[in-house]
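My questions all concern the structure below.
We call the chains A, B, C, D, E and F, going by the order they appear; numbering starts again at 1 in every chain.
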Amino acid sequence: MMRRLFPRPELSGILWGLWLLLVNSVSFGQILLGAFWAWLIPFYTHSFWPGVMSLRKPWLGLKFLGVVMVDILIANAIVARLVLSNSERLQPAFMLMPLDVKEDFTITLLASTISLTPGTVSADLTADRRHLLIHSLHVDDIEQTIAQMKQRYEAPLKEMFEC
Amino acid sequence: MLNVVIPIAFFMISAALLLNLWRLLIGPSLPDRILALDTMYINAIALLVLYGIYQQGEFYFEAALLIAVMGFVGTVVLSKYLLRGDIIE
Amino acid sequence: MSLLLIVLLPLLGAVLPLLTERFGRNICAAVAVAAPLISAGLIISQLPAIFAGDIPIFHVPWLSNIGLDLSLRLDGLSLMFGLLITGIGLLVIFYALYYLSNKDSIGKFYAILQLFMMAMLGIVMADNLLLLIVFWELTSLSSFLLIGYWSYRSDARKGARMALAITGGGGLALLAGALLLGHMVGSFNLSVILSNGELIRDHKLYPIALVLILLGAFTKSAQFPFHFWLPHAMAAPTPVSAYLHSATMVKAGVFLLARLYPALAGSEMWFFIVTFVGLITLVYAAYTAMMKHDLKGLLAYSTISHLGLITMLLGLSTKLAATAAVFHIINHAIFKASLFMAAGIIDHETGTRDMRKINGLWQYMPQTALLAMVAAAAMAGVPLLNGFLSKEMFFNETLHLKSLGLFSWTVPVLATIAGIFAVAYSWRFIHDVFFNGKPVDLPKFPPHEPPPFMKAPVAILVVLCLLVGIMPNLTVAPFIDAASAAVAGAELEPYEISLWHGFNLPLLMSFTALAGGLLLYSQRRGLFAFYERGFHLDEKLVFEARVQRGVRASQWITNTLENGSLQRYVAWFVGFTLVMGVVGIWPLANMTGTRPLMPLDGVSVIAAILLIAGSVGTVLIHHNRLASLLLLSVVGLIVSLIFVRFSAPDLALTQISVEVVTIVLMMLALYFLPQLSPRQSGTLRIIRDIALSGAAGIGVTVLTWAVLTRPYETIAGYFLENSVSGGGGTNVVNVILVDFRGFDTLGEITVLALAAVGILAMLRTLQLPNTSDPRSWAREIYPPILAVLARVLLPLALLVSAYIFMRGHNQPGGGFIAGLVTSVALILQYVSSGLSWIQERLRWNYRSVAALGVLIAALTGCGAFIFGYPFLTTSFTHIHWPLVGEFEIATAMVFDLGVYITVVGATLLALAQLGMLTHPSRIKRKLTEEIA
Amino acid sequence: MEALVAIAIGVMTSCAIYLMLRARTFPVILGLTLLSYAVNLFIFVMGRLSTGNPAVIGSGETYPDPVPQALVLTAIVIGFAMTAFILVLALRARVELGNDHVDGNQEGRT
Amino acid sequence: MELFVEIVVSICLLGGAAFALVGSIGLARLPDFYMRLHGPAKASTLGVGGMVIGSTIFFSTRGNGLSLHEILVVVFLFITAPISAHIVAKAALHLQLPTVARTRRPENKS
Amino acid sequence: MSHWILIPILLPLFTGLALLIWSDRICVTRAISATSALALLAVDLLLLQRAAEGTISLYALGNWPPPFGIVLVLDRLAALMLVMTSVLALFVIWYAACDRDQPGDSLHPLIHFLLMGLNGAFLTGDIFNLFVFFEVLLLSSYALLLHGGGKERARAGFHYVVLNLAGSALFLIAVSLLYGVTGTLNMADMGQRIAQLDPADRPLAITGGLLLFAVFGLKAAVAPLYFWLPSAYAAAAGPVAALFAVMTKLGIYSMVRVYSLVFASEPGLLLPWLWPLALVTLAAGIVGVLAARELRRQVAYLVLVSVGTLLLGVAMNSQQALAASLYYLVHSTWICAALFILVDLMRQQRGLLEDTIESGPPLVQGTILGIFFFVACASVVGLPPTSGFVGKVNLMQAVSSTVEAVWVWPALLISGLLTITALSRSGTTIFWRTTGDVIAQSRAGVMPMVAVGGLLLISIVFSFAGDPVLSFMSDTAQQLADSTAYLEASSLFQPVERGDIR
């Protein structure tokens, strides 16, 4: 019964929070209204969410988020330097990263993280979903970069969602 | 202080927009142009936020939010067109 | 009332034959006879009154606003014509029964004939000039049908068309003339018009009116140079010729001259035009009649000639001439009808009308021959026959002509020459047909006498010829008196119709004509040879050729103007608009108004640069369609930024959302269109286009500047004041949309739903051609990373949508934008996960959804009815709930919900329907992949 | 500022009309879309230019004229409907006629 | 407004604007498509992020209470920007856009 | 306040929506559609009766008083146009229901939406609302034009749509320009404000008026803006073409309405233009009638001829001429519609030849169709006893006392003569110059015949019982010439008292 009324409790929670954020208010009325939407929208759209996974380890998630945010700042500083420097000296490369994560949702998170962080953009996913093609603006050692990304991003993601 | 900073920021964003336009006009490839347009959308958001501070009004949030949504959808659809031609199939 | 019956009975008679045709020809004819018989009886019943000088009048107001009343009169002239029309009509009905073959529909024939009869009676009895014209045109129309009765014959069709064009055209001229007359005297009532002759003749418009009316009369009566349609009308069945082209329709022209005689005659202009047109027609047609080998052709030209004679008499403008004209109208009708009927018998029995083949019929059909010979003698003007009497009156009148001074002698001479030819062609009709050796190659041989009933009408008419010719005073004199009184006034000059006036000049002319005619006929071979050497037009061919040339010229013009090029049409539109704009703005003295200007800032300049670059760039790279689409998006983006810049966040939100949906639509369509537009325009074309578009741009710039620099007073203050108190919302733009001008919005969402319906209708039946798609496409249909994100975004977007919807009344937002956001979120699902994926989850009939949205909005509007308020009157209330606080419930929100639903339904309908289109090669590949 | 706005609208109109005078359906539709942008701006500025606060009661002392804004919204929606319709029509015409000419060039070319 | 807040806001704005500009410079001057992709994907997004944080601070300290909803724009951008980059890159790969010669490639992928 | 005025807009709207939502069975669709059309006619007649008394009724939507809210205004002209349209619609729907509404299920709803747009345009007293209703009816007309699909419809449809979109853009420019100058949208109010405008600024308002002329001229198919018409009408399906007979008249209506109300203070605004344009339009129409190779195209050009004729009347700028024009407007609408339906019927009986003006097989029902064709042609040419004659005579009389008669009369008469020539050619070719055997299975039933016959009968009744009609037209023209009554009705209008619900 609860499951049918609230097919996606975590989604409902997020939506509730987002509503309050949107309306910039925590008045009782808005809390009530937010709750209404948080119930209504998942109720009608949960069938659109087949592949979305649940977060198993929230604390790990928070830690991961922190890491990524710091990395983003660093990434941008690096990119800024690279962009403004003499582009002749850049050493771009396509790298093929083998994937341990299996689910589309996790792969998506991984690909997004990689794109947001230092000098790399995930450009393609092979049809068998076993490799991610990554373009790097400037890289010296491809193998080492891949290994670093797997350890820094893929491992926690796998742990959070797929274990 | 802000009345110095804001014009400078305006100037920088404007310059960014002009650079986007430049890329959009010269291409050379369609993905380049799509990318330029996408960037233009993002810079437009920056411009709006800046304008909001400048005008001290909060009416620009929704526009910024929608530009973000629409810019994304536009980029996706354009890229899908290049990939598959038929964007809805 | 009986006057109305006289006219309308034949109309009834037009219907009955059609209904009774199935019961056999005889019954049909019997029924057909009834109406004219009663009409004739009714006319005769009025005889005593009319001979006593009364004029029965029937008057019912009809279209008084245009001066057209149902007024009928039965004066002497009407009486005479009425009897001719009904009497000869009866004989023709009788005759046609035996003339028309079983293959011809006799019911149809009688129907049209009686329709015509009604029209003819209407003409002669109308007491209102416009009513006369109504009937006049009806004769043109019904005669068109009669001439074209044998519609399978080319000459019948062409003859009918020509007759209609000439007489119909003349009718239009007559209409103009009649309107002028009415304008002069202030009434279309004939009694008024006829009694205002002097006023009319002195009016400055008289010459124009006269010419126009004469055009009508001359075309109808086949006067030179409009005579040529009549011989070609002989393609009609002979009963039609006998009726229309001798006794009635062609007489309508001279009737009109006689009818309007009191109003129009008496001027020099009348005299010269009418007399000379009549004279020329008389002589020319008599000469031509002689040369025709076709029996009916001879009779046709003879008819033209006699009409010329009557016309000329009316032109002479003396009272005696008018009397002679009236008399000759009767005589000609009688002998010519009988001659046509005789000719019809001959044609019927021999299968040809060519007098070179028809010879010596005396031996085969002596009774017919006798009848025809008497009638022909009457036509020639042989004494003791009716034609002689009126012709002699005519000769007499020509001698009294003094207006031409020294040249007055030419008229009687020409009249005599015409008389000679008349005798010659009459004699030819007798000699060439009934004697002159043996028949040559007759299609039907041997000919024999027709059934007695077919001869009877001829016989009756011939007897009339004799009766009138021998004892005119006992037969026609009262009718002539009455008729000429109606034409030329009651107090007639004393005259006497008698066989013998003693030896005088007219008698000499008559005998000169008789002797000369016989002499001329004896020299016919030389004459025919002379005629053949001359130049002859087949007027029918000339007419058709002219029409053809006109048609071809028209086709050339049309094809040149309307070359199917949208570019040209748009250019015309732009050009026209430019002219209008320039004409309007030119007198503006000060381009710049008094309003203080807003200072310029750097960001705005940059935005303008982007905007202009985007626009110009779209044009410059429009050959690369996708790229130009991208530049167009820049324009859209900047426009929405401009809206923000100048305090219109609602517009910005709408613009940016619409923009993306439009781009999606464009790409959906672009996939099936060529990707490139080849460069095709020539330099000149480009220069023209730049000039046009540049001018338009300058125009818009000037207008914008002129308005922006001027102050104005606006109704906006009312909206700002009443938005909160009356509309219940602080976002005035939204309150205008859903309340102050909610009706606009209702229309607008109707348009949106309609567009979707139209798109659905267009796409549902679209069959894509089965061609291969040469482009190479990625194999992966739904990139998984995109699909995941799109699914994650859906509830978020819906939340944003709800947010925008809820706040619309008080803050920027509203149902329309919310609907677009929802749509965009769903479009993203379509793009990333595919149609079938959505269809499994959303089983909506989008068309019904769109319609439902409009329905909700409209029903919300109707809700106000319950409380006695007009449509779309909104209501709102503030509710206090403990803890929750105060919140507002407004009907406008329900209206806005309708908008939202419409937008979602319509947008998704368009997109899903377009998306469903798939290149045929794709379906094939998909199938093979699934199998593999 | 007024001059800048006027010129920008003028240029947009020019470009739009130039595109509408092209020989193929797609550029014509681009032109129509561009024209509707220009027209929307034109309607909008007929309420004169104003900076600062939108026409939301309570957001400031003076407000811009909200009427043209409402008109523009209606015009945008109608323009959107029309664009969608004509796009599909262009598609339909292309399939039915085998080409996308609008210059009266009948058959033969694609 | 306190000077401290003003300084923080100024830094955010200038930093954000700088990043946005850098992203666009990258887009304009880097030699091949894949390299140009990096600017917008990261720098511009972060640029907007910086400015939005500045804006949030600015509006939250003006006495009308906390105003956090601008953050949503940033969140949204950060979610979508990598995907945009990804899908455009896919398109570029499909079209086989050229790279600068020195770009290294994995052996089994063209 | 009575809600009746609203019915001509709401009834078609609800009918259309209902047909869209519940569109399962075609016979139900037809029944609903026809019933609604009949009801609409009844309501319109009621409104006509009310308007004929001379009162001008206002209806304030949303209970907002003019000039702020949108008002519907029912005067004689509006009522006349409503009745004319609903009579036409009834016959068209009747004819469409004779299985001419296939394929698809959208013809009937679209017709009703078109009616909604037309009626809205006739009733509204607000110039922007006029634009909105124009769009409603235009979009319906686009979809209707394309009904049935095919090459010609696609080609003509695209041209029609693009030109009308350009027209709509111009409409917006003109309306917003007028707003920018006067600050109002209510037509009566706008007229008053223009009259009080500083003379220095007046050219701006006049420019708006002249730009509107281009818009209305495009809809009315005035030369040189008529190029869309022949192909569009010739390509449209039979019922659609018949319905479209009213479309050009809408342009004329709009001119009459806007220039008599909004630009009442500038009476000579259009005169220098109407004259020559009317003559050129007439000439273009005649040339087209002569040139046409298909009947439908010929009838389409006849529509153009009627536009030219009407404009001549409007250009005369006199009450009498306007009254005459109004009569002619109604007559020509109905008769052109009858011709389109008739030609559609004839086309079905001629096999592959369709409506080309060439010798072909005899028509199965040649006699009855021939009679109809004959009567219709007589009416369209202006021969008695049809309404065409009354219309033409009336028009000619209206100018008889002016100098312009020198132009108008010959134009009318020569156009009549040339039309006779052309139509007699096509009629004799199709009905008389026949070869081969009839196509027996193409026989039409009684119902479609009734549709044509009914319209023709109305044309004849319209002429025989024309006197009250002519008087009504005269009153209408008088009401239009003097806009004070309209303005008074507008200024004295009071919204419904607000009770406790607000």
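As a working rule, a contact is a pair of C-beta atoms (placed from the backbone, for glycine too) under 8 Å apart; a residue touches a chain by one contact, two chains touch by 3 or more.
Owing to the predicted nature of the structure, the values given are computational and were not obtained by experimental measurement.
Common neighbours of chain A and chain B (chains touching each): C, E.
Both chain B and chain C are touched by D, E. Distance between Cα centroids is largest for the pairing of chain C with A. Here the spacing of chain B and chain E, counted between their Cα centres, is 10 Å.
If each chain is reduced to the centroid of its CA atoms, chain A and chain D end up 39 Å from each other. If you average the Cα atoms of chain B and of chain D, the two centres end up 21 Å apart. Inter-chain spacing, taken between the CA centroids of chain B and chain F, is 48 Å. For chain D, residues touching at least two other chains, in rising order: 20, 25, 28, 42, 46-48, 51-54, 56, 67, 74, 78, 81-82, 85, 89-90, 92, 102. Across the assembly, chain F contributes residues 128, 132, 135, 139, 142-143, 146, 149, 155, 158-159, 162, 166, 173, 177, 179-180, 185 that each touch 2 or more other chains. For chain A, residues that reach two or more other chains under the stated contact definition are 18, 22-23, 108, 111, 122. Chain pairs that touch one another are A-C, A-E, B-C, B-D, B-E, C-D, C-E, C-F, D-F. Across the interface of their complex, chain B is touched by residues 51-54, 56, 59 of chain D. On the chain F side of its complex with chain D, the touching residues are 128, 132, 135, 139, 142-143, 146, 149-151, 153-155, 157-159, 161-162, 165-166, 168-169, 172-173, 175-177, 179-180, 185.
In the complex of the two chains, the chain E residues touching chain A come out as 18-19, 22-23, 25-26, 29-32, 34-35, 37-39, 41-43, 45-46, 65-69, 71-72, 78-79, 81-83, 85-86, 89-90, 92-93, 99-100, 102-106, 108-109.
Against chain F, the residues of chain D that register as touching in their complex are 20, 25, 28, 32, 35-36, 39, 42-43, 46-48, 67-68, 71, 74-75, 78, 81-82, 85-86, 89-90, 92-93, 96-97, 102.
Considering their complex, residues 1-2, 5-6, 8-9, 12-13, 15-17, 19-20, 22-23, 29-32, 34-36, 38-39, 42-43, 45-46, 49-50, 52-53, 56, 58, 61, 64-65, 68-69, 72, 75-76, 78-80, 82-83 of chain B touch chain E.
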